[in-house]
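A, B, C, D and E are the chain letters, set down in written order, and residue numbers restart from 1 in every chain.
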Amino acid sequence: MADNGEILLRVDDVSLQFGGLKALSNVSFAVRKGGLFSLIGPNGAGKTSMLNCISGRYRPTSGNLTWNGEDILRHSVNDRAHLGIGRTFQNLALFGHMSVLDNILVGRHHKLRNNFLTGMLYWVGGARREELEQRRFVEDIIDFLEIQHVRHEPAGTLSYGLRKRVELARAMAIEPRLILLDEPMAGMNLEEKEDMARFIIALREEFEMTILMIEHDMGVVMDLSDQVAVLDFGKVIASGAPEAVLANEHVKKAYLGEADELLDELADTAERAIA
Amino acid sequence: MTLTAEQVAESLSKEADDALLSINNVEVIFNGVILVLRGISLNARKGKITALLGANGAGKSTTLKAIAGLLRTDDGEITRGSVTYDGRDVTHTPPDRKVRDGVFLVMEGRGIIQDMTIRDNLRLGAFTRPGANVETEIEEIYRFFPRLKERKGLAGYLSGGEQQMLAIGRAMMAKPRLIMMDEPSMGLSPLLVKEVFGIIRRLNRELGISILLVEQNANMALKISDYGYIMENGKIVLDGSAEELLQNEDVKEFYLGGGEERRSFLNVKSFRRRKRWL
Amino acid sequence: MTHVPNPRPTGDFRTSYAGDRTLFATRFETNAVIAGVLFVLVSPFLFSDYILSQFIIIGIYGIAALGLNVLTGMTGQISLGHGAFFGFGAFASAWFSSRGIPVLLSMPMAGVLTMAVGMVFGIPAARLKGLYLAIATLASQYILEDFFARADWFTGGTSGSLAETANLFGFQFDSDGRYLYLVLFWVIVSFVGVANLARTRDGRALVAVRDHYLSAEIMGINLTHYRILSFGLASFFAGLAGALYGHYLGFVSAEGFTIILSIEFLAIIIIGGLGSVSGSLLGAAFILLLPQAMETFANALATLVPAISQGTAYIKQMSVGAAIILFLVLEPEGLVHRWRLMRANWKLFPFSH
Amino acid sequence: QDSEILVGHLADYTGPTAFVGKQYGAGVADAFKQINADGGINGAKVKLDTVDYGYKVPEAIALYKKWVGQGMVALLGWGTADTEALISFVTRDKIPTISASYSAHLTDPLGRNPNTKSRTPYNFFYGPSYSDACRALVQWASEEARAKGIDKPIFVHTGDNHPYPNAPKEACAAYAKELGMTVANPVVVPLAPGDFKAQCLTVKQSGANYVYMGNLGGSVVSLVKSCNTVGVDATYMGNPWAGDYLTVEAAEAKGLIFPSSTPFFGAEVPGMALVKTIVENGTGLVGSRPTHHYIRGVCSAYYMKEAMEWAAANGGITGANIRDGMYQKADWVPKGLEGVCSPSTWTKEDHRGLLQVTINSGSVEGGRAVIKEIATITLPRRDDWLGQ
Amino acid sequence: MNSELLIQLLVNGVIVGMLYGIVAMCFVLIYKSTQVVNFAQGEFVVMGAWVCLSMVVSMGLPFWLAFLFTLAFMTAFGVVVQIILLRPLVGEPVISVIMATIGLSTFMRALMNWIFGNSAVRFPDVFSQSVVSIAGLNVETAYVLSLVLSVAVMGMFFLFFRYSRWGLAMRATAYSQQISQSLGIPIGRVFAMAWAISAVVSGIAGVVIGLVNAVSNSLSFIGIKVFPAVIVGGLDSVIGAVVGGLTIGLLENLAEFVDGQYLHIGNMYSVAPFYVLLVILMIKPYGLFGTPNIERV
């Protein structure tokens, strides 16, 4: 895979402070164009906060974020979609009362030109043509993610797994160059994880997106990513190729867990992943 | 295998004997039009861990809410069937009453009160036990979850895993006989997943709390459980002891990741064989 | 809010994307709306001025409520100052027309001016949320009311101002029947406009801001822009409706546009159904006809129980309050929700899934 | 001839002006009940449709339209908001209206005063306009001040920034100046009752001797109470709705000055017998001791009745004829109400029916209101005052 | 500058503001436990005043007894309102419940009009001395009473929400009814309690206002008047309510001073607080003491 490709996103010495709590301290890493970079680490380590810094929800207390050689901190939050950064959320952030279709269409927001005036006129200002064009685009995503049957359902009534897919669809609709996935597999059973894995692979290969993913399922992380960084208490404690990182003693201790009598028998999925 | 009528009746009454909670043929409809549970029956045995597995949208969370009596806030209602707890019909018992009787639900998404402190959240767990010595009990919970003690401030700023611990800790504060947990391992790091399952087992073994566990992590869930149900599309499609289920071909294929070797996520198939139980 | 499935009748397959994005959900609804419009068109030949005036006022209040629905229903920002913007539109149109601008033109102009004012008062929305914002809009109510009483040059101060009759090439809109056409025109324009808005980019953005503004922003939506825009749109319709109201009465007085009116608009959209376009009209009809229906009810009650005959006025008011409460207890999500439920039930019967 | 004559009646029994609305409205309703009992209009019964519209304009308009559709010939209206809103309608539909909104601009039917905004040929009311009542009070005040030896008495207008309290503001200030009084800056006092100590301190600061109160009901009570607490040493003068024995009692007033255009209930005048009968046979809405607002309602009803009788005799009971019936006589007192309704004169050019104002002083003594008539002022019918 | 007048106005501001504070607290209480904005708050206040007054006037009860009776009555009233109106709406969107309180206010206003009439009625003298002088300003004794009461009530509320089991339950219920139910909180009882307490405190405020102003239905306007106070303080803060009340009280009086002495614009008393409200909110979007929403994704 794109092993020494260009750097799409560079995180440089980023720190983030909430009152007395240092959620991130001097984090640095780089995401290569076309790669799949996984961010792992214990709960509360600051992974989501890192994504939030990239997507604009939080502003780092210090440090730099460079996008294609450009400083992203200069861009407002809503501008970053335009730059080509899309994301999904750990705690589902869909528009609950909107239909799945409309949710995904919101992702197209920055690609659409019609405004409230032309929108109201619909037939005459070109809004209709534009909307239908986008609809075609969105339907492709819907087909790809196999959510045709819920197209018209309000997103709020869907089951968890479907909502996760709709979130992915919405992020894809942005046509991002970098897509940030916050625990895409959480709350899914094996079958669904396999589906999701299929989608993520396709995101890279068919849609040519660069992926930055947070995930706790080590099987997934191992199989899919080409680079991994481990955060603990806001600091990067290891980074590099997945096998090497997961073998790291420090990581085992902080994140994966030591071999423990009681837990041992329970932990086989994860254990096997390390082996 | 065929059973005689007597045998069936016998096994049923035996089941009912050690069932702490059982639901019979429950049907749930949302908004008066959306049928979500289509007649589902299961038992949670006294002192045992019972797992309820199933795909997304199968209706697991709805089942737990139906048992706890929390459907009203979602505009849903039980239209058929009954819920029996400890030999009594509690189908329409108000939710707070059920908590007082010892049935506690840890909701999906943890349901912590974000704008309160961790301590206040824990205090609320003991709401149904007015006389309790809450402060010392909280210290005990902190021994279970030392991390919670370190974090100050509002619970809403906790990370996902920390929130899950808080939710379990809060359930323990209620000193229930039966805890129902809705996907407790969701979003937790591998270490914590182990810890949480360990805790669940400790709750069960050490404190004798019966547990009804909804999980996506079928592997782990079945390993700590005694009995399991598999649910799809609002119905129970399979049930059996945990060992039986762990050996079942379909369960292996769809829930456990089949075969001896773990399948790599890199070569997943996009077409599968049909599930036999459908 | 909860959800109702949106099934289509069997046989109603959509074969194109355009066909899937129609204004009305079903053929039946389309026909119902067309029938409704035709009905209003012929009503001047069938009904008394009384009934026509009811249509007129329902239409006017409906337009204003529609505006509030854009703000509150679609964007999730509660306003307690809508009545004042309604008043502002009435004064503005009277003022424009008094400077020689034809009434038919001054009405939309009043809408635009009110829109500008509304956007200024909407600036706090950039920072405030929920009830904090709602109370900030209460400030706009009182500040505008004060302005009405004070700005002699614009509103005629406390003595009010006259609003001329509308006319189109000599055709005077001076009877209820004629005025109804004018109102109908604007009702159609407004409701179709907002329905269109709802299915296009900016409308979706407004709803997205309501449902989850944090993720909306990350999806590329400029929150401040849309929050203020929704105040602008709401004020536009309030202003337009106010203008229609002013020219209907022929006189605009500062007294009529108090907080009570603002609360009434809020009542209309809640009763009609938050965020529902057609609910705005249904709600207006409900709130305006309710007191009249209760009048009959109270009188009937008084004939049955003569002892309370001197209390009819109070019984009427009380039953208005009670009817609102009862309605909410039975149908907390508005008239439109009831309709959708009926539709869903009927389509799905006897199978619920 | 129709056996029933439909007359609309807008009343506020539950809304913001119910304080006096219930009195006046009951007066109108009870009077027509009596009129019907006494044989109606030449034998035809009046169907007075009394509706409590709660001071809501859209409801008033709806009612009006309904009545017009049912063949209403005349309207008994109520407040400023609805009267103003209906001006263009009643003019167009030729529905003579007697309202309880006494704004002076309703008195210029032909718009002869260049400052009059709209012509109001179908609007009438019984009693002095707000402006004229205020002028009378000011005139009385300047005389009293002279008697007391106050050289340049200070006058201040209080009231909300609303059409009703503001109606006489300029006219009255102009006349006060004309009479040599000093006019202090007006003080805005909300119509809703509340604590008005702050406003009272301002009034006190202005050194006012005479305080005109443009509000009514609870607001007046609050103002008087607050000012007494703060210790304002001034004479309070109310508009035609501000004063009655209920207000005096509630406010524990000392020497509250207010105008009236009828005697009070129980006064010894010939017409009071009829008023008593009306109360007795009435709906009982106001109890056994109505205020003078009730009696003004009775007078309004009886003027309407006689105008209808005139119309019946002169071409039939139509709106236009009833309107002309209002011009039938000068110094007109309805039959049976001698001494109750003051002689009034309406003409085609001038709807200032009554220019005579009785001035009363009310005080609480031993928990009961004691009201004394202290002066009667008759204002000149000045042309520059028409409609102002 | 007339400093004597200014001081008197400021004193008045504090005193009137304290009363706003009490009514604002009633709001906050309902809001904190149910997220409902009670549009019938003003009617609750007036109801308390009428009940106490009619006990004194028509039953001839001594004031203190009537006052106690009023408290009892208002408790019951709060509970009944809750049972009839709010219980059926449990779990429904908050906006519907708010609408129901609008309906309730219409209902109550008409009912009180019917039962108690439309006039303003004076309380018989309750205190031997109806006026006391503070810093040169004459102030109604009832206000002094209200000052004491409000400090006490405020303290009680504060402790209640911070430390008591039910206080916690109320906050939890406000956060999410479903979660609270899952914790075994009988939300019906929580609502009943919140409404009862709020009604009682409204009753107290009503009696004080009634003593000062004479009782009339239009006093219910106070319900809307305290909105700014509630918001300035922060919707969910008991202390904030009092501070907000004081702020608005002071602002009104200050505006009256500036207007009456210098500007002569008129009406500043009613409008100026709203301008200031906007300014305060722009600087502190959750009022002075309100808790910000947690915004995490």
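Criterion: a contact is a pair of C-beta atoms (placed from the backbone, for glycine too) under 8 Å apart; a residue touches a chain by one contact, two chains touch by 3 or more.
Which protein is which chain? UniProt says A, B = ABC transporter ATP-binding protein; C, E = Branched-chain amino acid ABC transporter permease.
On a predicted model such as this, the values are computed, not experimentally measured, just so you know.
A.B. asks: Taking a step as a move to a touching chain, how many steps at least join chain D to chain E?
C.D. replies: The fewest steps needed to get from chain D to chain E is 1.
A.B. asks: Name whichever of C-E and B-E has more C-beta pairs touching across its two chains.
C.D. replies: Comparing B-E with C-E, the pair joined by more C-beta contacts is C-E.
A.B. asks: Sort the other chains by how far their Cα centres are from that of chain C and give me the top one.
C.D. replies: B
A.B. asks: Among the chains, which one keeps its Cα centre farthest from the Cα centre of chain E?
C.D. replies: A
A.B. asks: Taking each chain's centre as the mean of its CA atoms, how far is chain B from chain C in angstrom?
C.D. replies: 47
A.B. asks: What's the distance between the Cα centroids of chain A and chain B, rounded to whole Å?
C.D. replies: Chain centres of chain A and chain B, defined by C-alpha means, are spaced 29 Å apart.
A.B. asks: Would you mind pulling out the distance in Å between where the CA atoms of chain C average out and where those of chain D do?
C.D. replies: The computed centroid separation for chain C versus chain D comes out at 36 Å.
A.B. asks: Just give me the whole-number Å value for how far the CA centre of chain A lies from that of chain D.
C.D. replies: Chain A and chain D have C-alpha centres separated by 73 Å.
A.B. asks: Find every residue in chain E that makes contact with two or more other chains and list them.
C.D. replies: 109-110, 113, 266-267, 270, 296-297
A.B. asks: Please set out, as single numbers or ranges, the residues of chain B touching at least two other chains.
C.D. replies: Chain B, residues with two or more chain partners: 30, 34, 74-75, 157.
A.B. asks: Quick check: what residues of chain D touch more than one other chain, meaning two or more?
C.D. replies: Residues 13-14, 161.
A.B. asks: Considering the complex alone, what residue numbers of chain E touch chain C?
C.D. replies: Against chain C, chain E makes touches at 31, 37, 39, 85, 88-89, 92-93, 95-100, 102-111, 113-114, 224, 227-228, 230-231, 235, 265-267, 270-271, 274-275, 277-278, 281-282, 285-287, 290, 293, 295, 297.
A.B. asks: Name, in rising order, each residue of chain E that touches chain D in their complex.
C.D. replies: Residue list for chain E touching chain D: 2, 5, 8-9, 12-13, 16, 19, 109-110, 113, 117-122, 124, 131, 137-140, 212-214, 216-219, 221-222, 225, 252-253, 256-257, 259-261, 264, 266-270.
A.B. asks: Which of the residues in chain B come into contact with chain A in the complex?
C.D. replies: Where chain B meets chain A, its residues are 30, 34, 53-58, 108-109, 147, 153, 157-162, 164, 183, 186-195, 197-198, 201, 216-220, 223-224, 254-257, 262-266, 268-270, 272.
A.B. asks: Give the list of chain C residues in touch with chain E in this complex.
C.D. replies: Against chain E, the touching part of chain C is residues 1, 78, 124, 127-132, 134-136, 138-139, 142-143, 146, 149-150, 214-215, 218, 259, 263, 266-267, 270-271, 274, 311, 313-318, 320-325, 328-329, 332-333.
A.B. asks: Once bound in the complex, which stretches of chain E touch chain B?
C.D. replies: Going through chain E, the ones touching chain B are 90-91, 165, 168-169, 171-172, 175-179, 181-187, 291, 294, 296.
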